[in-house]
Amino acid sequence: MSDTARLETFSDGIFAIAATLLILDVNLSGNGSVAHQLVQAWPSYAAYGISFATLGIVWVNHHTVFTQIARIDRTFLFINVLFLMVVAFTPFPTRVLADNLRDQSKAAAFFYGLTYTSMAICYGALWFYAAHGRRLLAPTADERLVSGISRSFRPGTLIYAVATLSSLVSAILAVVLYALIALFYVVESSVFGRNEPASEAAGE
Amino acid sequence: MSDTARLETFSDGIFAIAATLLILDVNLSGNGSVAHQLVQAWPSYAAYGISFATLGIVWVNHHTVFTQIARIDRTFLFINVLFLMVVAFTPFPTRVLADNLRDQSKAAAFFYGLTYTSMAICYGALWFYAAHGRRLLAPTADERLVSGISRSFRPGTLIYAVATLSSLVSAILAVVLYALIALFYVVESSVFGRNEPASEAAGE
Amino acid sequence: MSDTARLETFSDGIFAIAATLLILDVNLSGNGSVAHQLVQAWPSYAAYGISFATLGIVWVNHHTVFTQIARIDRTFLFINVLFLMVVAFTPFPTRVLADNLRDQSKAAAFFYGLTYTSMAICYGALWFYAAHGRRLLAPTADERLVSGISRSFRPGTLIYAVATLSSLVSAILAVVLYALIALFYVVESSVFGRNEPASEAAGE
Amino acid sequence: MSDTARLETFSDGIFAIAATLLILDVNLSGNGSVAHQLVQAWPSYAAYGISFATLGIVWVNHHTVFTQIARIDRTFLFINVLFLMVVAFTPFPTRVLADNLRDQSKAAAFFYGLTYTSMAICYGALWFYAAHGRRLLAPTADERLVSGISRSFRPGTLIYAVATLSSLVSAILAVVLYALIALFYVVESSVFGRNEPASEAAGE
């Protein structure tokens, strides 16, 4: 297996495990009948859904990014470890958010956003380190696609930072923004320069 | 690694982790001697067994399905993320069912079935999106096998929906139906057009 | 990826996750200083060590077994799912054993052994189904190695069954036997017909 | 898949799962507002960060080590299982450290270091077993790189042992040393004979 393939496999593992561990923090909430407790657990569902979707989207994009990368070096590996440290951290802010969303805790919403902003920063660093001067890119990497990825990375950190700061106004507002960001990335399939994965791009 | 191989690896990870996390919710139950508590934990064993078997069967079929798929696009990826979100969610309804089966909680049995019905819907959407007009299928995909898979997918959602609704009559009835559905898929090895996995089909 | 490779990957995932989840059930025990609680937690360490080593050995052997298998069919897949269901179940009896070893609970030791006996039965079924009439073996599978594996599988279930029954006499005796069985398989590197993995066998 | 590739995949799984499970032991700490509890949880963050970074670094080096190894035998497999047993154990001392760092528990800091010293011993044994007389190395393995790896392994155990013993003087000192060791390995990218991963070494 090549270096990049192994790194992808390891990264996939962290993504898959972190996303699946999220469910351990979904619990029945409050008192009363089981049906009532199931309904009352909605903040857990919301936090689970937003975090799982966000991790899923980042994973999908990670996939597209890695199709462009031909080599890795130690610096890239270590940025990736840092990035994965944040990815693996997400179940904690998700749990904190789920436990305190009913009380509209601004601290919980801020902490959640702070984590995802950090992830966006690490993720951007990963890409720009690889793409700078085409340092780690395949010689065959499509310039238009590379520019498209770079362009789509630029606003990422800013968007998350703004959503995070909005938590200081209202926890609910921030959570709605986190959900909208995830939704935006899902529907905006042209986010990476209107490219479909490489296997489909042959006909362009 | 090809796109489909990577997606399979990621999906396999989610299936394996979700199935293995199920055990964290199996606990001794009630008071008395260890032997007594081990026996009293039977609802946990039942819930564990049904959920693990169901995930295992879906995984096995997922494997057959993916042998027919040659390409992926973003829409397919995102349906897959949604599908995996439901797969990774299953430990929660399993835990709720295990904790409330002794009380024959209809809400717990309904919620459990609702999750698996949602999984069936996502899983069907995944297949029919790929198979529609042979959108993502390999040119060499065997028409008889493709029809067989489509035919076997059609009743899946309905069967789970009926079992789920039966929980409104009796929680025990619904759980027995969930177990029978899993058992049916295990013994009905011809469910996918009587095909054995591709490696065996050569001699047909 | 071939069918057998994918099945191995999935099985590896279950083994790796089950083995790693074992640590979640290791906890400080009793009261007093941290140092005292760390020492008092010895039953947790013992249970962790025996279970991890056993899973590790089964995984290693699983690897040797799979080098001989060229094809899979649905029956084989489903025996494998059953086998993995037991593998993924092991953290529960390990936890029960760790929590009740200090009290020398015969029930806990029996339940632990029962699980591993079940695993041995499933594992043997898996092999003998594949090897019967060389049903799923590679045409090139070495007859001597196949016989060696079959020979080594035969006593497995019996050994575990005897150790399990010994728990009715003494929990400590049974646990010592479980540890010895694991140790035996570790040192008895010739268990599989004195073969080294295929990559080393070329020179034979 | 070759034997070494499979072993790497299994090892990667254990690393990824152990690293991701660390987050389950990060919890809000103390009383008061959510913001206060988030700040008070700093020992959890510190323990998580050090453990995740250390596992990440060991994983990265493991990767470089395995590029040199061409074959595996049973002894190597079993040393690897022992090594992985320690890797999978790390969430427990991390949890103990996080829970008792505020009290500057020397026992917790010692136990943490003891685990990592054991990991260094197993890891060294793994390498020196493979490299002794080039037992398991590829014929093409670069002698300079092999010597570089051997040289970098020698101080590893000693460094961890010294840091561990320092915990008897001060828990905080030991934790600072654990963090510095991780940091040292991150920045000292030339630790393995100034080599970049194989994919980059072609031009040397």
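When the chains are written out, they are named A, B, C and D in that same order, and each has its own residue count from 1.
Keep this in mind: a contact is a pair of C-beta atoms (placed from the backbone, for glycine too) under 8 Å apart; a residue touches a chain by one contact, two chains touch by 3 or more.
Please read these numbers as outputs of a predicted model, since none were measured by experiment.
Participant: If you average the CA coordinates per chain, which chain's centre is most distant from that of chain C?
Facilitator: In terms of C-alpha centroids, the chain at the greatest distance from chain C is A.
Participant: Given that chain B and chain C are copies of one sequence and touch, is their interface built from the same residue numbers on both sides (over half shared) or different ones?
Facilitator: On the two sides of the chain C and chain B interface, the residue numbers are mostly different, under half being shared.
Participant: How far is the middle of chain C from the middle of chain D, if each middle is the mean of its Cα atoms, in Å?
Facilitator: The answer is 26 Å.
Participant: Quick check: how many Å separate the C-alpha centres of chain B and chain D?
Facilitator: Taking the average C-alpha coordinate of chain B and of chain D, the gap between them is 37 Å.
Participant: So which stretches of chain A touch two or more other chains?
Facilitator: 9, 13, 17, 21, 24
Participant: Would you tell me which residues of chain C are touching chain B in their complex?
Facilitator: 1-4, 6, 9-10, 13-14, 17-18, 21, 24, 71-75, 77-78, 81, 84-85, 88-92, 96, 100, 105, 107-108, 111
Participant: In their shared complex, at which residues does chain D touch chain A?
Facilitator: Contacts found on chain D: 5, 8-9, 12-13, 15-17, 19-24, 26, 28, 33-35, 38, 48-49, 52-53, 56-57, 59-60, 63, 186, 189, 196-200.
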